[in-house]
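Look at the two complexes coming up: chain A is in both, with chain B in one and chain C in the other.
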Partner chain A sequence: MAHEISTEALKDKLLNISYSGVYAQFHPEQLLDLYNEVSNFLSINSDSIDVTELFNLTELRFYLAILTHHDVDSKACLDRLTDQFGRDRSQRIKILQSIYLEAMGDNEGAKLLLNGDPDELDLSRRLVTFSRNSSDPEEYIACLKFYLDVQPSDLITWAELADQYQQLGHYERAIFCLQEIIQQEPFAYNIFYKIGLNYYYLYCREFSPKLEKKDKVLESANILRKARDHFLRTIEICETYSKAWLGIYLVTKAPINDVLRAKYKDNSAMGQLLSENDKLREVSAKKFTDLSGIDEATLKSDLSVSATPSA
Partner chain B sequence: MSSFAFFLIGGLLLAHSGYSSYELHQFAKEFGTELKSIPSDITLETIAGIMIVVIAAVGSINKASKLSINNEIVPPQNRYLKEIEMKKATKEHETIGINDYQGFESRISFIDIQKKRNEFSDWIKKEKHD
Partner chain C sequence: MEEELVLDPQLKYWVLIPISVVMVLVGLLRSSFTALLSPGPKKTPYKKIRETQFLRRAECFRASNNVLDVNQMESRRNYFIEKLNSSEYYSEKISTDDTPKNPFTDSSTNDALMSMMKGNLLNYIPQSLIMAWVNFFFADFIVMKLPFPLTDGFKSMLQSGVATPDLNVRYVSAISWYFVNLLGLKPIYNLLGDNEAMSTILAQSQQTMPNIGGPGAPKVDKIFQGCAENIKLIKHESIFDGIASRVIDVYS
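Right, the complex of A and B next:
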């Protein structure tokens, strides 16, 4: 198969990976493979590709070398980039330098590099990450909020803040942050999925089958409806997003459906919710099994073990 | 290959109609007659030539396949244009594995370098151990 892959397609793939930063979520094995791929590609093709592409790929190689402990090579990439673009003029280069120092364990040096000019917002944003420590997550959140006060339109930071809130279980706050992103990027379907997921987690926390109070049950049902509607919005924008189909399936299988059916069927809003969920159950199960290759029996048996979709 | 044949035929027709027109004008100049219009066969030949070249050009469009992040070859969804409906146009992103909004999930500017490096060294140790 390898001989069929054209250089152009490989280059496009690597550039795409570089722009999207998707390697931040890669497994170590994938990282190592990708590092080898980029190094080979650059050693063969560095003369024949466009200069912009060359430096974008060199930056990618730098990150991958750092992440895979190829420290000598990462230094070589960094030197190549600083020779080309100068040491002080570009924020992007300064960030690379600080990341190199951070990886070598020189956190103070890295902070000093980022601390220079408060107008250089990208550097301030990177500086925020130094407040991250496992013992006090609130401090990191406070720093993120401080940065967002200065730069409220920075969507990536909103996403980071949402992630932090989600980890701490502040689902409502996470949803608020994600909605800030939706305001500027109304078609960001992965964000709609995340909002749905946060509503689902919120429902899981609020509802238990022992709940007696009518208000509480109806409130949980409303949260669940919001989760379902956000998953559906994801599907509306991208119909092959399998995680959202699984989310819908979980919503329709949630234990609250039985409680509603037994006690609150006469409530018109709840009646509608139940009938919609009934319609969606089979469709979502079928779509999810088609897309993911997991067969329906496994899906149903797995659900009885754990009832939360993956993040 | 077939589009090459079309290009050739279309090109020959165009060249021939041009030459015919040239000959006609030479003839008219020589004998001092005034041409009212170009004969319809030359016009028709020109139109036919242009149409065949256009058909060849459209036929020779060949979108390249893409690579997914797992190195699978993803053939183009449609031969000519992208899908109009958003829910179908975004299908390609999911097969490739990178969508337009990936940055919100990867957040490379917030990457925890030390943690990722430790993860990697743990993995490498485990691999060597096995």
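Right, the complex of A and C next:
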């Protein structure tokens, strides 16, 4: 009986991994363990589980085999699936085939497979990713934009476009893309964090202590305030997100605070910003050290070395 | 004491069981045929998806524009109002005349009618053939005697085709056995792991007309314009207003 329960639980675990796609973020070692687990599970239980679950797990095994370089086994899984569902009747199978071809180095064949029908949008999205490796990032961005014109509320593509813009330093555009996501998922705290991060990068680029012009300084302060507000929103949704606390801490420690204090303290908006920052600095330092286990002295010395939060 | 009819035991092997077996096999075969003939899921044209997704994007903007600040909100509001009032995201051209289309010239309706017809034919043809077969070879047969008594009300059900007003209800005629099988085989199909077979037979009795695209559905331009109106009316309030003092209040 105990064995039965564990089989059932294991099956549920694997199916959950398969549905959520979380394996895409595993370490190589975790991937290999999971691959072995799925292979063992399927070799023992393939006759006793429901067919839908069997094929879902076979698909999972295919992906894991590709990721762990088990080429022969991935081919075996793919053949099993194509035998069952036919070669060209389902988008899902076509995607698997194209992934296999791409893994084997046959990019042209894979593209050809994906290129057939404009109504097969899943395939189009995968086709877009082929331009990712081209030397010109603008080409990839153009492809992503084209796809977004056809699928204006595809969140994964918006996120990918934001990443691309961020890499190229187009922080404002990246923020725009990320805002598309939070409009549809208003509680996606990690996206709020990313927006804050992009504002912070923007501030780092715009501001230098040598800035003289008043409106330039105030503009930078405004950007930094937006970064802080987005980090704060992250905290409002998810209190334990330590990276956001670190972001708040960095914002309140940023050199522009000193400039503001020296020159623009009389400006009422800036005065308020400074007093809020002072309070937030203490809170965020305490919270971050509580959550991460790093004590405040280390935090200060580390920050003097690198003054950017991690992505 | 009523008189007993003597039934030849061979009737069981040559009539009763063959009819049942043929019914089961035909039911299974028919369900496989239905599966083969039914068209796969149809793909929605990408333009249609584009239209719905754009509308969804606009609706999401309306619902949660509070994650934006005022300037971003205004520029997006203008963008959505402009796009929603243009025809850029329509999946097909809007015809200006108001006469409703003939539903039977619409290909999707025809497909639905066609598949319904196929299902019906697959139901009726084999059943009529079996019925003809039973009627031809086993007309007026009494094939079995039920092991339990029944009231006279069952007479018309169990003894159709046998013109004997005084015969005990427990005797079952061949054609009645066919009907009993027709309606009562579901557990057998379930045992054989084929849920499809019976559900199609049952569906035959409660078939509904496919939804023929009538003039009822609202046109896309009206939906888009309504959405644009809603967006014009948004009263914006940003979540970032006073967020610092909110957080400070909670944590200090």
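In this text, the second predicted complex is superposed on the first by the 261 of 311 C-alpha atoms of A that agree within 3 Å, B and C clash if a C-alpha of one lies under 4 Å from a C-alpha of the other, contacts with A are read in each partner's own complex, and residues count from 1 in each chain.
Everything below uses one rule, namely that a residue touches a chain if its C-beta (ideal position, glycine included) is under 8 Å from a C-beta of that chain, and two chains touch if they have at least 3 such contacts.
Worth saying up front: this structure is predicted, and the values here are computed from it rather than measured.
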{"item": "First (chain B), second (chain C), both or neither touched by A:Q151", "value": "second"}
{"item": "Touching partner for A:Y189 - first (chain B), second (chain C), both, neither", "value": "first"}
{"item": "Contacts of A:K279 with chain B and chain C, given as first, second, both or neither", "value": "second"}
{"item": "First, second, both or neither for A:I235, with chain B first and chain C second", "value": "both"}
{"item": "In the superposition, chain B vs chain C on chain A residues touched", "value": "B"}
{"item": "Touched partner set for A:E180, first chain B, second chain C, both or neither", "value": "second"}
{"item": "Touching partner for A:G116 - first (chain B), second (chain C), both, neither", "value": "neither"}
{"item": "Those residues of chain A which chain B touches in one complex and chain C touches in the other", "value": "235-236"}
{"item": "Chain A-touching residues of chain C, taken from the complex the two chains share", "value": "40, 43-46, 49-50, 53-54, 56-57, 60-61, 63-69, 72, 89, 239-240, 243-248, 251-252"}
{"item": "Complex interface listing, chain A residues touching chain C", "value": "89, 117-121, 124, 149-154, 176, 179-180, 182-184, 186, 192, 226, 228-230, 232-233, 235-236, 276, 279-280, 282-283, 287"}
{"item": "Residues on chain A engaged by chain B in the complex (per definition of touch)", "value": "1, 4-6, 8-10, 12-13, 16-17, 20-25, 27-29, 31-32, 63, 66-69, 95, 99, 102-103, 122, 125-126, 128-129, 132, 155-157, 159-160, 163, 181, 185, 187-191, 235-241"}
{"item": "Interface residues, chain B side, partner chain A - complex", "value": "64-69, 71, 73, 86-88, 90-91, 93-99, 101-114, 116-117, 119-121, 123-124"}
